[in-house]
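Read from first to last, the chains carry the letters A, B, C and D; within each, the first residue is number 1.
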Amino acid sequence: MFSRIMIANRGEIALRIIRACREMGIETVAICSKADKNAMYLKQADITVCVGPSEADGSYLNIPSIISAAEITDIEAIHPGYGFLSEVSHFAEVCESSKIVFIGPRSEVLKKLGNKTEARKIAMACKVPVVPGSESVIKSQQQALDVAHKIGYPVIIKASSGGGGRGMRVAHNDISLVNSLAVAQREAESAFKDPSIYIEKYIEDTRHVEVQIFGDNYGNIIHLGERDCTLQRKHQKLIEESPSPSISDRLREEICKAAIKIAKAVNYTNAGTVEFLVSKAGDFYFIEVNTRLQVEHPVTEMVTGIDLVKQQIRIACGERLNIKQKRVRPRGVAIECRINAEDPNNGFRPQPGKITLYNPPGGRGVRVDSHVHAGYEVPPYYDSMISKLIVYQKTREEAIACMKRALNEYVIEGIKTTIPLNLELIAHSQFASGNINTNFVENLLSKSQRS
Amino acid sequence: MFSRIMIANRGEIALRIIRACREMGIETVAICSKADKNAMYLKQADITVCVGPSEADGSYLNIPSIISAAEITDIEAIHPGYGFLSEVSHFAEVCESSKIVFIGPRSEVLKKLGNKTEARKIAMACKVPVVPGSESVIKSQQQALDVAHKIGYPVIIKASSGGGGRGMRVAHNDISLVNSLAVAQREAESAFKDPSIYIEKYIEDTRHVEVQIFGDNYGNIIHLGERDCTLQRKHQKLIEESPSPSISDRLREEICKAAIKIAKAVNYTNAGTVEFLVSKAGDFYFIEVNTRLQVEHPVTEMVTGIDLVKQQIRIACGERLNIKQKRVRPRGVAIECRINAEDPNNGFRPQPGKITLYNPPGGRGVRVDSHVHAGYEVPPYYDSMISKLIVYQKTREEAIACMKRALNEYVIEGIKTTIPLNLELIAHSQFASGNINTNFVENLLSKSQRS
Amino acid sequence: MSVIDKVKQLISIMNENELSEIEIQEDVTKIRIKKTEVGYTHTVASSVAVPSIYPPPLNHKHPIPVLSKDSENITEIISPMVGTFYRANAPGADPCVNVGDSVNEETVVCIIEAMKIMNEVKAELVGEIVDIYVNDGEAIEYGQPLFRVRPSTK
Amino acid sequence: MSVIDKVKQLISIMNENELSEIEIQEDVTKIRIKKTEVGYTHTVASSVAVPSIYPPPLNHKHPIPVLSKDSENITEIISPMVGTFYRANAPGADPCVNVGDSVNEETVVCIIEAMKIMNEVKAELVGEIVDIYVNDGEAIEYGQPLFRVRPSTK
């Protein structure tokens, strides 16, 4: 096993990985930016190295600085977490050439699946259904119109290197398509330094279902069941759960099988997530593969009993997958709420600042993954997520009741958070019935604004 | 189901029960003393009623006041928690006559099993092995000496109404027996208002193993496996775990069967715990039945997946046990550390006072049951336990690693706690090996004092 | 504001507006108050000279309410027990005391029903009743202020 | 004390006592430091005029250490990158600067090795070196103070 690992990330996921390492007896080197330098979670690491200024470009995205920190601290492997460099194939390449184990898929797999049009082609080659759309990058306005006319409106424009909802635009006719093209390209350029975009049929009334996959270096690939992340706002996931409350066992099996097909096609290693849209009719479409640990991985951990981070580290170290597919039997229901430092009553404006009072919920069935505490200063430089509240119970009804109870207990003062929104969503009868689609939150919000 | 329940207790267990009620949609009435009046956990209750002064005698033990509070708040049932009135048969009687459901066994069962000599007789009648000793209360010095000579030294003197280690004395010869008799009686009188004592053979090098039992009002009785509470200091449990790391499957089965026999003999209802001593040779001896929820119930909850408090409430409400014995299949390993406001370096002196900084651990496999927080003032009037830290993992090795990690994360400042002691114990190689007895902690402490 | 305080305010509102039932739900708090048809309907087991099973009432100085102007030398009679507060010792009878009444140590100022027993509460001090905080038939908890008293300077 | 500070102190002790390896474990912190056989063994890819891939060093005012008496007008050269600090630009060569040396904007004060590349760090100010915080061969992080400088008043 590795004796020392670097965590090239920050906040809750850095702490999550440090915790796994401590339990495995692995020393940890945490990197940090100037802004995070005094953050308390860093005390859980054995060594901390400040790698750059507060802005992520100079620190958490600064490959030379991170590799240099890896060299002076003599680490054997780097866990990239999610976001930042986790899906940057160049970073994985640099690690590989520096003889540092990158805890994730091989750089060539990152590259292949990181390009959405490429990933689409792989899925099609596997006979996994994809959303009808442009087979490749859109090069001209005319090409965009041709594609739209062929597949029919509404269509959605997406960034080839995209993720997290940025660079996405829905168009219902020629005029809105032409207008949206330039905007989407500009967004894609600024967010991903790659203006290339593609067009897909926009399927209305869909659920978001994703499959956790895991591969080792010896060709063994399994799935750990699905997660349902239909509750989103502007393509940002808010509440995730496993199992999905709205798909039949047969559909579940089909989707998981499709995920395995794609993973096998690229000889996938380590943890990954294959995302699908599921239409009301029960048709499913491949969207993309996230070649990293997901924010919402804890819900899979709860229902399968498997520690995904420890498993990632073991696989990266060259161990064989010690879990047989037929032994993966998810049990119970897990739900996760993301708690963001945002003001839901004020356009979800970010809420950097000092947390003056902090009391997380506890008791049976409650897990809190968070790096914050009373006195913690939420920096303005990074993602607004400050905590993940996960509950685990036998039934979905009990899980919802437990989440309600836990959200009610959760005290965060000094900054506004999405706790009240989460409470409203989790207590909504439509969420309880499972009868929602990916537009549910936005419809609800616009309704409450009108009233 | 009940629509409103009173919780006749305080601190972490009051919050534990409130949480279960909230998840079940049951309103809660919390009682409190003057000292607890502003405690934050009370905010989780729907109604709070101050029932008396800070001293427990006038509040948490004040039956007329509690019943009066029950009447003005119109509750249907009372959960007594553990300690205080939980095993007082008179309280259960008053509830019964006031048409309030006492969430626990019937008063006659509390009375029968509450008397240790009576409980012993029941066990013997069931052919469950008991520690050799006086068949009844010791009435004279001569009788004590006769018993001691018959069963052989060392012997242990115990209070008939005792519990929690109070009123216990070990004697190795006639002189120490005669000297200890009076002391033990005085202790028993002051602690339980009952000076009666009995004598047992003192079995050295033993483990403490107890079985969780559950009965409904229709004669169905099951067990939920065992807990190992060998790690004690002065008969006070410090660390508990399930399953027991030191008994064979055959012995486990025998002990659980013996527990069921005793429970059936008294037609036991609701939750209870049958305690046993297990000798190095693998012989086991009945000690007593705790006719209530135990402090350490969470470890059973983790390995069985059953919420014991919800189950208690359902049973008390007249529901049938919906769990078949053969369906109870404990999985994984759970360990609990009790965090007390005591100074382990200073004779375990209680540490009332203000908690200035409080950061509980989180993440996968960690459960914290606690009512305290930064700014909480530990009152000097009650038990010193301020938190229970529970971990759950697949294997014992992983559970120990997780507990170490979580204890290291746990920050409580302002008062001294037993966190450092827990860390020392959990990291001890002898604990890891499972090769300990009930004197392990005291031997360790006296060794470290000498060195 | 504690739930008990809210209940008190709601009862005041009910009394002022002659309501018989009120129910509110805010966030996670749900309060439902319903009045019985007649004043009080319980059977009075024994309305006089019931030996109290509780200690005598305490004279406990509470923080003076914010609205109070005459902060000099004001004290309170607080409840020695949990129960139901009655101003008179029998249904329909005159209140034990009214605002303006002078009381001494032995004056019974109210009755608290606890476990079907009527407990007489004595003033335990000499002075004048200046305010009555609690309405007839209200539930009260231990330590709750009942009367405001201006003690006499002997 | 941060782990980095501890490591620094340990390296000082190692240097003073000519140790080649030190390992300590305190509570949950474990530090192991081992020196390579020779001074430094890496291959110096290019010892002069390597174009830096990093921004120029910052003149960042740090809180003056507590022990300092001459608090007037003292500034520090802080590290612009993570890496290994070397006082000379080649093994065995003289240090770039010593205490008491005058420096100007262009003076190379040290070399920081990052990703096998030797980066020259310039003073970026005019003044006199009054203290060197870091020992030769030490690991340094971004923003770490390297030199204490008394700026010249032009």
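Rule of thumb we're sticking to: a residue touches a chain if its C-beta (ideal position, glycine included) is under 8 Å from a C-beta of that chain, and two chains touch if they have at least 3 such contacts.
To keep track of the chains, here are their UniProt names: A, B = Biotin carboxylase; C, D = Biotin carboxyl carrier protein of acetyl-CoA carboxylase.
Being a predicted model, the structure only gives us computed values, none of them experimental.
Enquirer: Counting one step for each move to a touching chain, how far apart are subunit A (Biotin carboxylase) and subunit C?
Expert: Counted as steps through touching chains, the separation is 2.
Enquirer: Distance between subunit B (Biotin carboxylase) and subunit D based on Cα centroids, please, to the nearest Å.
Expert: Between these chains, centre-to-centre, one finds 59 Å.
Enquirer: Using mean CA coordinates as chain centres, what's the gap between subunit A (Biotin carboxylase) and subunit B (Biotin carboxylase) in Å?
Expert: The mean C-alpha positions of subunit A (Biotin carboxylase) and subunit B (Biotin carboxylase) differ by 43 Å.
Enquirer: Could you state the distance in Å from the CA-based centre of subunit A (Biotin carboxylase) to that of subunit D?
Expert: Distance between chain centres, rounded to whole Å: 40 Å.
Enquirer: Would you give the residues of subunit A (Biotin carboxylase) that are in contact with at least 2 other chains, written as numbers and ranges?
Expert: 408, in rising order.
Enquirer: Please list all residues of subunit D that touch 2 or more other chains.
Expert: Residue numbers touching two or more other chains: 28.
Enquirer: Mind listing each pair of touching chains for me?
Expert: Every touching chain pair, ordered by label, is A-B, A-D, B-C.
Enquirer: What part of subunit A (Biotin carboxylase) is in contact with subunit B (Biotin carboxylase) in the complex they form?
Expert: Within the complex, subunit A (Biotin carboxylase) contacts subunit B (Biotin carboxylase) at residues 15-16, 19-20, 22-25, 40, 44, 298, 301, 305, 307, 332, 358-360, 362-370, 373-374, 394, 398, 401-402, 404-405, 408-409.
Enquirer: Per the contact definition, I'd like the list of subunit B (Biotin carboxylase) residues that touch subunit C in the complex.
Expert: 22, 27, 34, 37, 46-53, 58-59, 64-69, 71-73, 98
Enquirer: Residue numbers of subunit C touching subunit B (Biotin carboxylase) in their complex, please.
Expert: Residues in contact with subunit B (Biotin carboxylase): 2-4, 28-30, 53-55, 81-84, 114-115, 139-144.
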